[in-house]
Amino acid sequence: MLLILSLAPFAGSLAAIFLPSDKGTAAAWFSGAVALLCQLLVAGLYPLVASGGVLRYDLQWLPELGLNITLRMDGFAWMFASIITAIGLLVVVYARYYMSASDPVPRFFSMFLAFMGAMLGIVLSGNIIQLAVFWELTSITSFLLIGYWHHNAQARDGARMALTITGTGGLCMFVGLILMGHIVGSYDLDAVLSSGNVIREHPLYTTVLILILLGALTKSAQFPFHFWLPHAMAAPTPVSAYLHSATLVKAGVFLLIRLWPVLAGTDAWFWIVGCAGLTTLLLGAYFAIFQQDLKGLLAYSTISHLGLITVLLSLGSPLAAVAAIFHTMNHATFKASLFMAAGIIDHETGTRDMRKLSGLFRYMPFTATLAMVASAAMAGVPLLNGFLSKEMFFAEAIETHRYNILDTITPYVATLASMFAVTYSLRFIYSVFFGPPPKDLPKIPHEPPHWMRAPIEFLVLACLVVGVIPAFTIGPFLHAAVQSVLGDSTPVYSLAVWHGWNLPLAMSLVALIGGVVLFLLMKSYLATSIEGPPFFRRLEGQRIFERVLVTLSWKWARWLERTASSRRLQPQMRILVFIAFVAGTLPLLLQGFKPSAMALRSVDPAFALLWIIGIICAVGAAYQAKFHRLAALVLLGGAGLVTCITFVWLSAPDLAVTQLLVEIVTTVLILLGLRWLPKRIEDPNDPELMNFPVRLRRLRDLALALACGVGMMLVSYTMMTRNIPDTISSYFLERAYSEGGGTNVVNVILVDFRGFDTLGEIAVLCIVALTVFSLLRRFRPATESLEKPEQQKIQNAFDDDHPDRKKGDSIAEYLLIPSVIMRWMFPVIGMLTAFLFFRGHDLPGGGFAAGIAMSIAFILQYMAGGTRWVEERLRIHPLRWMSIGLLVAMATGLGSWLFGYPFLTSHMQYANLPLIGKIPLATAILFDLGVFSLVLGATVLILIALAHQSVRAPRAQVKAARMAGKETP
Amino acid sequence: MELVLSIGIGVLTASGVWLLFRPRTYQVIIGLSLLSYAVNLFIFGMGRLRVNAPPVLEPGGTGGLLTHTDPIPQALVLTAIVIGFAMTSLFLVVLLASRGFTGTDHVDGRE
Amino acid sequence: MSHLTDLPLWAAIPVCLLLLAGSIVTLIGSIGLLRLKSFYSRLHAPTLGASAGVIMICLASMLCFAVLQNRWIFHEVLIIVFIILTTPVTLMLLGQSALYRDRIEEKDGVPRKTTPDLPTPETETP
Amino acid sequence: MTELFIIWSILGSQIILGLAMGCALFRMVKGPRAQDRILGLDALYINGMLLLLTFGIRTANTIYFESALIIALLGFVSSIAFSKFLMRGEVIE
Amino acid sequence: MRYWFPYPLLSFALMVFWLLINQSLSIAQILLGAALGISHAWLMVNLRPSKTHTKKAWLVARLAGQVTVDVARSNLAVMRAILRSKRRPVRSGFIAIDITLRDENSIALLACILTATPGTAWIEFDSQTRVLLLHVLDIENGPTWADLIRTHYEAPLKELFE
Amino acid sequence: MSWANHLIILPILFPMATAAAMIPIDERNRTLKGVLSFVSTLVLFAATIILLGIAASEATTGGTYVYQLGNWPAPFGIVLVLDRLSALMLVLSTVLGLAAQVYAMARWHTAGYHFHSLFQLLLAGLNGAFLTGDLFNLFVFFEMMLAASYGLLLHGSGPLRVKAGLHYIAVNLAASSLFLIGVSLIYGAAGTLNIADLSVRITTLGPESRMLMESGAALLGIAFLVKAGMWPLGFWLPTAYSAATPPVAAIFAILTKVGFYVILRLSMLLFGHEAGTSTGFGQTLLLCGGLLTIAFGAIGVLASQAMGRLAGYSVLVSSGTLLAAIGLGNSAVIGGALFYLVSSTLTICAFFLLIELVERGRDAGADVLAVTMEAYGDMDEDEEEKEVGVAVPGTLAVLGLCFCICAILMSGLPPLSGFLAKFAMLHELFNENGFGGNLPIRAAQWAFVALLILSGLSAMIAMNRIGIRTFWTSLEGTIPRVFLIEITPVLLLLLTTIFLSLQAGSAMRYMDATANALANPKNYTDRVLSAPRVRPAGGD
């Protein structure tokens, strides 16, 4: 039952959203049916909870964390559920007539039902986390409802504000609830409710309290979070009627009451809740007087009434709690009816401005009567339900609960606020229904359709009946609710209309009379005054909120974002290097790292000389890189050579070979790119260089760079002079030949022991080649580098000037002799490639080195003959080579699957060939072949893609010229 | 030996890092190259320095760390060289593209 | 694996002499790179190392390994051949590009295009 | 005796070659023309190759020969690229 | 035959290269070297280098000897030139020579020899006027350079290849 | 070995092979490539699901399976290790891959060349990084993934992407150098590269070696933190992610998680309880950095005007949260954090895909479209854009709904998985020593809680603002033309999160088991180090 009850609205919501947008009536009936079903279900459950019983339904969700779907209904929940469903039903009926036919109503009803479901979820939650879930769901759905007319800026702002505030509160509450669960050791509501003392005495109590109250108070629009509520009035009236009378704002109250047995009764509770409640009560009432918008008036009155309930709850006495529960119900009835009445007025006259409205009684007497009764209930006129709960409130207010100033002023504030309530109620009635007939109304008012009025009639009847014979109507329900909240401490209370002449009655009378007098005094002022109360008009909650939000989320955030980050590369690099430096040295410094003593242990003078050269190259490259790019590249080559010789010196011939080959290719590559970079000429008088901050910056960079250098030096020196640890490499040295079948251990590691690394590495190369290729297909050189280089222009001009020369003769001549040699080198390098490839497994070399060497052979031909020349002669399909290479390498690895071994298990055996003898056949060779093919393809692809730009550039130049021509006219 | 090489590594690192902080793309690419030399040598140094003990076995024989240098750092450096080469070329092309699109060789695409 | 100490004296002397001579020639070539005044003169300097230096050091290497391993080792010949084949290419290209640049800048002492058979002496003035 | 003689003369020639590399480096750093720098690099490569050869003799190991061979065979490629860049403004047309 | 072995000389040279580099004369290496040499020659076909035939291959030896002697001589000369004190610098300069060689490959070989010999550097060759521009380090005895080149190298090359 | 054993390597090999096979196919056959790639990803998805099932079933191995590449035993050869964590990440990456793949086939794969190959290689790299049990192999796969990500980021070219790409690449190249230095330091000090072996050896290291190793580990950590985008190392991230084409940005959502994954794995294995004095190494830094990252991300989210940047910053928030969760040093929180990881990754992926669809309708001159136009205009041989699907009626409503769900997920509002994840983390945070414990709560924990909530709040405010601006103020704008295959992946991703929310119980059980296994690495190391080599059938 409970499950159906909580799911039905959501299911209905889902169904409604799929209705076509012009099927408004159907949607209304459908959601009415859903609401009715829920109402009936709730009603049907009454017998089970009437006698203090609790219904539970459990469903596992996140059992490890104590979060389960627990539906739990007791008397109090029942009361709320019935309010929600009943008023929901009435509002649906009302909305059916209120909403215009052109509105896409199914969406409205869908959200409406979803909201109803969320609200039911809150009241039925038996798990506090689940409660938080539904709590936020109400925030979200109410956001959508308030923003329903989103073409209207006010609706958007109102919705946003409501969501921001209630959502924030909800998140705080969520934390509070988790903390509460932490204290209790369970999120189950029953467990929480039964451990009030534990919670109140826990050191975290105050934190929990504040967090939960933040949630409750924001939701209930308590001061200082009240301001969202009036702006939520931009919603369609049925929404206001539902949200602000019976449901959304009551969620906060619901939570306060629900947790009342657990949290209430301490000083902190009293002060926080009391202050908020009293201020809200008074301010709300005061503001309400000065509203010109009908719904605005009602909104502030809602705030005020919520304040009243809050004050009651703050007092901490059981009787006050009873009063609070009672007033909650009463307020729901009369406020819903008033909202609907206001909606009718708005609907029928086209305005809600009380300055324009007057004398409507003669146009819509029924509505007027209903509204009058309802507002009398709001004002607390005897024989109506509002009076009863107000009397209880007064009675509690004069009781002394705690000896402090707050408690002392409560009765006075209560009376004053009550007086204001009378004033605004009177004003509502008087200015709308009495007085001269209205002028300039957008529409001619008349009575609404009967069914639109019916919900009001029902509610007003309820007000009356409850007001006259409370004990027989509302009594049992109230009792069930109260008992489920207060349990054993349920006080004795009486729901009689007449308690005799006593102080509360006197206070009521004072309030009534004072209110009337006040109204009479202010009548003329109010009839013309502008919106908002005097003194506080400038203190508009919304404006403050907007400003704070803008400042916070926009100005400050952007300022912070800008300050705390940078979109420039250099600072990022500095930070990265700095942090890396700190991170690298910190563990060493903290643990007292001592670098090994510097000793000129067996320094070879030749080696030292070599590195002096290397160091000069490195520093020179760093120094020249800005203005003398070519020089920097040359020096970089020098540093590379020194590195390479070092590798040889220190027993790494493989590395030396590879480094050399890569070095060559890299140089050619960068040279290929150099053509597209802008000229940069050193200007010794550049003011930037003289600039002090610039110098300072450079000094800082230099210091950081030096620090890194020194750090690397110390660490590497220390490491190199330490004894080698027990490494895994002895395994490789022992087995490279016996199990890997090669004498070159490095190569065996690469193609066998750690062949997977190599596979990944060639894949990287493949990726980069593809990236370069595809990026260069879209390459557009800068306009000034589009033209041919200066040298070529001059040479071509020279050729053109001399009639006996053809264009391009200069280059042909230039390359005449060199190209002959370069061409003959092609097969030679090919042989070298084969050599490197075949011996790789046993001696330095291997597929990678071979691939690069072969690509150098190709590039040499390109340099000798030019792109067209080569491509006319050689079939170059680097993409295909790459693909084949990768596939071959993988297929080799996969081959071992056939024999039941894991990927890349290599196999080696000696084949006996006639004439030749035994030759080793290792699958690793095949793998290396894949590597070779891929490396060749990738390197050639990268180089050629770059080289092709020179061919493409003239085309691009033509295109650019065309574009420029198009732009100018 | 160790001292010389570690000073060399230090200088290469310092020059590379210094160039990384510079505003021109070309400086950055040279810096990355220098840095990659330094890093390669550093990795290599982690296997300790040995003269004339290449990890190449006699056919049919086995080896050990007494007679041969540590082959693993060498294998790692080889992989690192390849990847470094790939990345250098990629970066080069990207900086060319950036230069093409923005018209400047500043790393941020504007002066 | 053999050791250098296994080298008999009769082989060691020529090896060492060749080595020293080769390296000195190379050094002189490089000094030429340092000292010569004009670019075109400097163009000649590295060829010392690339010809005599390479040849001598390669011979030393061949001799040394031949003695050590007791068989004729020729593969240093390859280095000689390739150095002699490839170095000129670079030098030609460099010289030509320098010439071209000088012509544009119309430097003195640089021959114009197409002036056959006329020696144009150029003096290095200190 | 022989030992010492060999070792010292190899070391001597290595140092001499190192000095030769230094001279080449001077051209690379100093210029003044771009061509000079490239010439210096080319010389540096050759000298480096010779250094490798002497190193091979010193260690009596032929395993380092390939590096020298590769310099001899392919070292000129980057120099060619440089000179072509100087002459034509781009390496591959 | 021509089809299968487009450049027999090249193939042979490559095979020699292969054997040298592998330091082996085993049958396996010879076969492999031959196979590679031939297959690389096929590759070369695509590049379409101009073909050069020679009938007097033995002349190569003579040329090689000549070159060796000249290299040695000029090495000494250049060393002297470099080490000469700064006060008496060498006179260096350009000389231009008419070249009668036609074959591309032999011109290339000539260029190599000239440049590899210290003291002379091949600077430019005008393909139309067939004028060769040389730079000579020590030009003291100017005109003899032209004769030297013509007699020592050009003539033997011509004999060899044309 | 049975086929199931080989399944472990499939997530790496299969996409790689597909990519390789697709390279030579002509670019004009993009549809063919797309279909191939899609099928491959689909197969991959099935495989990873099976792997997840294998890892989840305890069987005899405690969820850890080892694959010895080349049949070399563990500390020597490279091993792939499948455990719950890696299986989870595999599934996540393929799910994202599938979504992005499908989405790209509508139009974005035409914006450049070799999209599908790069994409498959990215998947291979990702999966490799998740599976490998070797530090250097991790580097290789990291580079593979990074290289592919460079390629994909640059896919479509254009000034914005190239500029962003330049920064991205430069920073990551520097970080890669750090990675190498770190790995080599660790090798130099400990003499091994296998992670499991390292975690065993670290206990026996002398003080000097230990500090050098820690220094190496710190450098490694920085490299991963750059990838994870920790403040102040992640400034490149929002720019790069918002500049990338939508499907690429979507798959990038998991790249930061790789950084997180590795840090988690290494800190648990190397610096767990048994690491002697190194226990808890770097945790404070992670915590502070994580918290700062959340704060920075939240501020960035608030400050972003464009949705792309907003999404970029929410990536930061998510990775900050995860890092801080590691930094808290509480393995129970990590269970929640893993849940959060899944949820936030799916969300951000969906959001990236959604952004472009939404913005497409806003303004014909939107810059993203301009980029495409330019891309089309520049093509010499490109075909006309094809109508792949039909424009969905009521597009805007669907987009709005998706946006709403994204907003709810990102701000951690109930009832979806974003909320559950935060709840799980907070729950574990407060109840460190069992539910209902009575321990004082540390300042760090408070800071974490506060930032978690505040970041959710900022996401809510920002999404709210942007959502209102997009959906509520511009009704008169043209309705975007959205292909069915573009919106489907978004919907599916969101449905996945909803499914995750519904199945939170079993999902959390899996995550908790994962966190537990991570906290007790003994099983892992034993499995890895004692895995037997395969012997040939006949005996060897």
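When the chains are written out, they are named A, B, C, D, E and F in that same order, and each has its own residue count from 1.
Simple rule for what comes next: contacts are C-beta pairs under 8 Å (C-beta built on N, C-alpha and C of every residue); 3 or more make two chains touch, one makes a residue touch a chain.
Being a predicted model, the structure only gives us computed values, none of them experimental.
Undergrad: Please find the path from chain B to chain F through touching chains that uses the fewest steps, and give that number.
TA: The fewest steps needed to get from chain B to chain F is 1.
Undergrad: If you tally contacting C-beta pairs, which comes out ahead, C-E or C-D? Let me know.
TA: Result: the pair with more contacts is C-D.
Undergrad: Taking each chain's centre as the mean of its Cα atoms, which chain lies farthest from chain F?
TA: Farthest by centroid: E.
Undergrad: Quick check on this structure: which chain has its C-alpha centroid closest to the centroid of all protein C-alpha atoms?
TA: Answer for the innermost chain: F.
Undergrad: So, comparing C-alpha centroids, which chain is the farthest one from chain D?
TA: A
Undergrad: State, to the nearest whole Å, the distance from the C-alpha centre of chain B to the C-alpha centre of chain C.
TA: So the centre of chain B lies 31 Å away from the centre of chain C.
Undergrad: Mind checking the centre-to-centre distance between chain E and chain F? Centres are C-alpha means, answer in whole Å.
TA: 62
Undergrad: Using the average of all C-alpha atoms in each chain as its centre, how far is it in Å between chain B and chain D?
TA: Going by mean C-alpha positions, chain B sits 21 Å from chain D.
Undergrad: Cα centroid separation between chain C and chain F, in whole Å?
TA: Computed from C-alpha means, the inter-chain centre distance equals 58 Å.
Undergrad: What parts of chain C, by residue number, touch at least two of the other chains?
TA: 1, 29, 31, 43, 45, 50, 73, 75, 78, 82, 85-89, 91-93, 96, 100, 113, in rising order.
Undergrad: What parts of chain B, by residue number, touch at least two of the other chains?
TA: Correct list: 20, 25, 28, 42, 45-47, 51-52, 54, 56, 58, 72, 79, 83, 86-87, 90, 94-95, 97, 101, 107-108.
Undergrad: Where in chain E do residues touch two or more of the other chains?
TA: Expected reply: 17, 21, 23, 111-112, 122, 124, 126.
Undergrad: Hey, which chains are touching each other here?
TA: A-B, A-C, A-D, A-E, A-F, B-D, B-F, C-D, C-E
Undergrad: Along chain B, where are the residues that touch chain F in the complex?
TA: Chain B residues touching chain F: 20, 25, 28, 32, 35-36, 39, 42-43, 45-47, 72-73, 76, 79-80, 83, 86-87, 90-91, 94-95, 97-98, 101-102, 107-109.
Undergrad: Along chain B, where are the residues that touch chain D in the complex?
TA: 51-52, 54, 56
Undergrad: Given the complex with chain D, which residues does chain A contribute to the contact?
TA: Its residues touching chain D are 604-606, 609-610, 612-613, 616-617, 620, 630-631, 633-635, 637-638, 641-642, 644-645, 648-649, 653, 656-657, 660-661, 663-664, 667-668, 671-672, 674-675, 788-792, 795, 811, 814, 818, 822, 825, 828-829, 832, 836, 843-845, 853, 856, 859-860, 862-863, 866-867, 943, 947, 950-951.
Undergrad: Flag every residue of chain E that touches chain A in the complex, lowest number first.
TA: 10, 14, 17-18, 21-22, 26-28, 31-32, 36-37, 40-41, 43-44, 46-49, 104-105, 107-108, 111-112, 122, 124-128
Undergrad: What residues of chain D sit close enough to touch chain C in their complex?
TA: Residues 1-3, 5-7, 9-10, 12-14, 16-17, 19-24, 26-27, 33, 35-36, 38-40, 42-43, 46-47, 49-50, 53-54, 56-62, 65, 68-69, 72-73, 75-76, 79-80, 83-84, 86-87 of chain D touch chain C in their complex.
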